[in-house]
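Consider the two complexes below, in which chain A is the common component and chain B and chain C are the respective partners.
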Partner chain A sequence: MHWYAYTVAGWLMLVGSFGIVRSRDLVHAVVSLSVAQSGTYVLLLAVGYQSGAPAPVFAGGPAPSTRVVDPVVQAMALTDIVVSATVTALLLALSIQVHARHRTVDPDALTRLRG
Partner chain B sequence: MSRTVRLVMFGVAAAVLAPLFGLAIAGAPPFGTASHPYRDLAVAAALRNATANVVSSINFDQRGLDTLVEETILLASVVGATIVLRASTGDVRRELAGDDRALAAVTLVSVAVLPGTLLIGLDVVVHGHLTPGGGFQGGVVLATGLHLLYLASRYETLERLRPLHWYRWSEGLSTAAFGGIGVGGLATGAGFLANVLPHGSFADLLSGGTVPLLNIAVGVAVAGGVVVLLAQFLDQALRIASERDGKG
Partner chain C sequence: MSRSALAPLAVVAPILAACVVLVAGRRAPRLVIDVLATATAAGVAATTGFLAASTLGGRAVTWSGGWSPVGGRSVGVVLVADPLGAGLACLAGLLTAVAMLYSWRYLASLQAHYHTLVLLFLAGLVGFALTGDLFNMFVFFELMGAAAYALTALRIEEPDSVQGGLTFAVINSLGAYLSLMGVGLIYARTGELGLARIGRALGGQRADALVIVAFVLVVTGFLVKAAVAPMHFWLADAHAVAPAPICVLMSGVMVELGVYAVARVYTTAFAGVLPGGVLRTALLVPGLLTVTVGSGMCLIQRHIKRLLAYSTIAHTGLFVVAFAVLTPGSVAGAALYVLGHAGIKGALFLVTGLLLDRFGSVDERDLFGRGSRRDPGGWFFLAGGVALAGAPPLGPGIGKAVAEDAAGRAGYPWLVAAFVVGSAVTGGAVLRAGLRVFLGLGHPPQPPASETQGSGEQPETPSLVRAVPRTMLAAIVLLLLAGALPGVVPPLWVAAGRAARMFLDRTGYAGQTLDAAPPTPVAPLPGLGWTTTGVVLGLVSVTLAVAVALLGVYRPRRAGWRGPVRSPAPVELLHRLHSGHVGDYVAWLFLGVAVVGALIAVPLLAGR
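Let's look at the complex of A and B:
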């Protein structure tokens, strides 16, 4: 059980990268990148976990104490998600432009430079 | 590079990386223990500044500069997507046919849910320093909630009810406001993005000093940014449709 969360994080990272490597469609590659990035969220949250501890939010919740799951990695995961969303938007915009210029989104077919 | 070579290279790299990752994890502190030194410091700092949501305190108080940079990344991505997706010469906008109205049931549900969704979005932004949520989450709820108008009726209605330049300005100005609050901390001599406002009493709506203000600034910026971003993609869908119609 102790290995489980870390194994899931590593697996997501690898399977996402594998998706990018064998991709035949730029949109598929962008989604694969998102899968690989979700591995980092799982890793961050697993690092900050403490068995049986509540969330680090005290209004109406547990009495303020330091016995909560680590809020530092949660804040990092939030930053991670925001950056991931902006990168996805930008890559999808680029995919649209690639399709408009080259009439294909297959990375293997994009071999020529065009001015 | 052929597909086979690429797959073999990936296989070799993965076969090296996977055991190294396993070794790193084996050397790390075990999962779920009580040893979190940064957690102890961060919770103590959040309680000192009377911020009930420790994650918000880290994002907007203890690591405020990181969030300013994150906000700038969002702004840069919106500007980048707008530039990449701009209309080139020769693009024609498809005129939408009059009969592509939404189903009456979809319109009814969308209009019924819209006010509640916007209210939840505002609630998540304003209570970001007390309960789970904050500017980023609430901003996304606000922006996607607004697009219920797109489901409820035609694209032209969304365009009429959503003056896009307002959102462009709101995104830029609220990012500037984030920086402005930071400079305010500098002006008092406490340092850039220092929490200089009165901290209030713990778990009150008016507590946490600058954290709720920064949350609202980020909420407006994210809502504006996501609306502008989605507008570029929706506009693009119209243009692509026009090209396809022209060919067929």
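Let's look at the complex of A and C:
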């Protein structure tokens, strides 16, 4: 069953990227980028997952020798989420500005930077 | 203060200064903000410069929070300063200080946000160059990325700025996420994030599919940052729209850090499991493609900032080729080349910025003959073009000569052609633009349809400037000098040779980082410097560049032809491939991943 999570992670990355390739709307492209990034969350959490093991919280919980899921990848996923929030906010703000300056958010219609 | 405190200081100081600037920016006059930001950048340059010099005798290792390893095992996060990494951090500090100096009278309408973003950008660059932890590389990658995206799109009232910034952000972030997937996979295999620990865990193992996929994904983000074809498309769009001082930083050090990161990750973590020969092919093929595409696109540009951007792509391709040879000599050549290129290319971007401020255009056709012969900027631009072509005894020339020599010694003498042609064509394109704009030579060129024009842009100063402020000229002169110096300072060659030897020494890196082992003394690299062959090849490049420029200026035209000139088919194809469409760029990115992946996986897995 473990391979299932990795398949989902890879699928999210690919389908998100494909969303950007086929996008007709910059907001859609930005959200597709977030979908692709969700693949990294799933991958990181799958790497640290252990069947039946509790969360790595020891205060008042399991004995220190208990097997727990890996907290390192969870910390990485958190950092990843912070990065994602920053980049997505910046990109959405830029999309608004693109709409204000170009009167369109269709990538096919943004043709000023060519060659 | 002990030496190990310097590396974290160089990362933290600009972040703190950024906070101070942001808060003080509401009240303090602009001059105070300018001085504070410039001084911080200069301080970072001094700190990392000292660090680079002092680490020639051994790396400076800092475990953050004092979580140093016990018996070679650690859960801490480490900064490892070696001469090459600290040297690049120093370059970032110097370029930031000069960019800040240039900005004193520039972008005057902007508030302290600009300074804050530049300082955060600097923190990201320095941290990326000094870290010894794979996940931290991703974090600093995104820190410098986010600051650079915002700085590229700084002039939000410009339609092109927001579009270029958006493309830049989408492509680079996607690259970063692919890198993160690779980091996750390598953590799954080894349980480690530190480069030295990963290197030990993988050392001597067989390269299986998981390790190969992880390596390819990790380097994808860095190759995107390094604008290696076919992942280079974002660079020209971003450079064309970013403010000139930001182009100095992006072209001079950010893109080069992408190449550095590939090299760093390979030499410290993967060299024990992936044979050098396989990596060499996997880097030479895209590297040479990058040189070809970059030079070709450079030659057919009329938008001067895009022209310089494609020249950066071509030169980055040369850096990749130089590293791919994988000998201390070739790495030393790449390091010197990066130093020289940063100064010269920065000066060229700043002169172009001055053109924009004076004429409201960066279009070669539009500006035809408008620069004056008494304008020092024009002569700086032409000098930059000659230096970029690899003229002895200047900075880019010595890097080119050392790298060519190393390629020849390693059994790849045919690579010399790439260095000569790449630098000659890009230098020639710059010279052509300079001759037309500043000296008004030749006929005004006629426009084919599918190019980005550079006219009708907003200057970055409040109004068009008449007299050039002294701070701006000083910044340009400083950059030209910095670009020229590496060619005439022999101690720098010796240092580059030793730095390159340390950079390739995986055992020494792991020992100093994990076991607190005493540094192994590094002998200087013999025979590094100007050779007769190097000087001759440099002169050949310059001659070719002048020929390219004169051919461009005095190309014969058919008489009586009116209307747009039809470009030859390959030129038209190149223009159309660079479509400016973010979706196309993503598709190209994945093609690039597939090519690099196949080049590594096929030779390793086919024989089993």
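Definition applied: the second predicted complex is superposed on the first by the 110 of 115 C-alpha atoms of A that agree within 3 Å, B and C clash if a C-alpha of one lies under 4 Å from a C-alpha of the other, contacts with A are read in each partner's own complex, and residues count from 1 in each chain.
Here, contacts are C-beta pairs under 8 Å (C-beta built on N, C-alpha and C of every residue); 3 or more make two chains touch, one makes a residue touch a chain.
Computed from a predicted model, the values in this text were never measured in an experiment.
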Looking at the overlay, does A:Arg22 come into contact with chain B only (first), chain C only (second), both, or neither?
both
Quick one: classify A:Trp3 as touching chain B (first), chain C (second), both or neither.
first
Contacts of A:Val83 with chain B and chain C, given as first, second, both or neither
both
For A:Ala36 in the superposed arrangement: first (chain B), second (chain C), both or neither?
second
May I ask you to decide whether A:Val72 touches chain B, chain C, both, or neither, giving the answer as first, second, both or neither?
both
Return first, second, both or neither, reflecting whether A:Leu12 touches chain B, chain C, both chains, or no partner chain.
neither
Could you tell me if A:Leu94 is touching chain B, chain C, both of them or neither one (first, second, both, neither)?
both
A:Leu113 in the overlay: touching chain B, chain C, both, or neither? Say first, second, both or neither.
second
Going by the contact definition given at the top, which residues of chain A touch chain B in one complex and chain C in the other?
17, 21-22, 47, 72, 79, 83, 86-87, 90, 94, 97, 108
Provide the residue numbers of chain A that touch chain C in the complex, in ascending order.
9, 13, 17, 20-23, 26, 29-30, 33, 36-37, 39-40, 43-44, 47, 72-73, 76, 79-80, 83, 86-87, 90-91, 94-95, 97-98, 101-102, 107-108, 110-115
Give the list of chain C residues in touch with chain A in this complex.
75, 135, 139, 142, 145-146, 149-150, 153, 156-160, 162-167, 169-170, 173-174, 176-178, 180-181, 183-185, 187-188, 193, 236-237, 240-241, 297, 300-301, 306, 450-452, 574-575, 578-584, 586-587, 590
Considering only the defined contacts, which chain B positions touch chain A in the complex?
3, 6-7, 10, 14, 17-18, 21-22, 25, 28, 30-34, 36, 38-40, 42-44, 46-47, 52-55, 57-59, 63, 66-67, 70, 73-74, 76-78, 80-81, 84-85, 88, 130-132, 134, 136, 202-203, 229, 232-233, 236, 240
Which bits of chain A are touching chain B when the two form their complex?
1-3, 5-6, 10, 14, 17-18, 21-22, 46-51, 53, 55-60, 64-72, 74-75, 78-79, 82-83, 86-87, 89-90, 92-94, 96-97, 100, 108
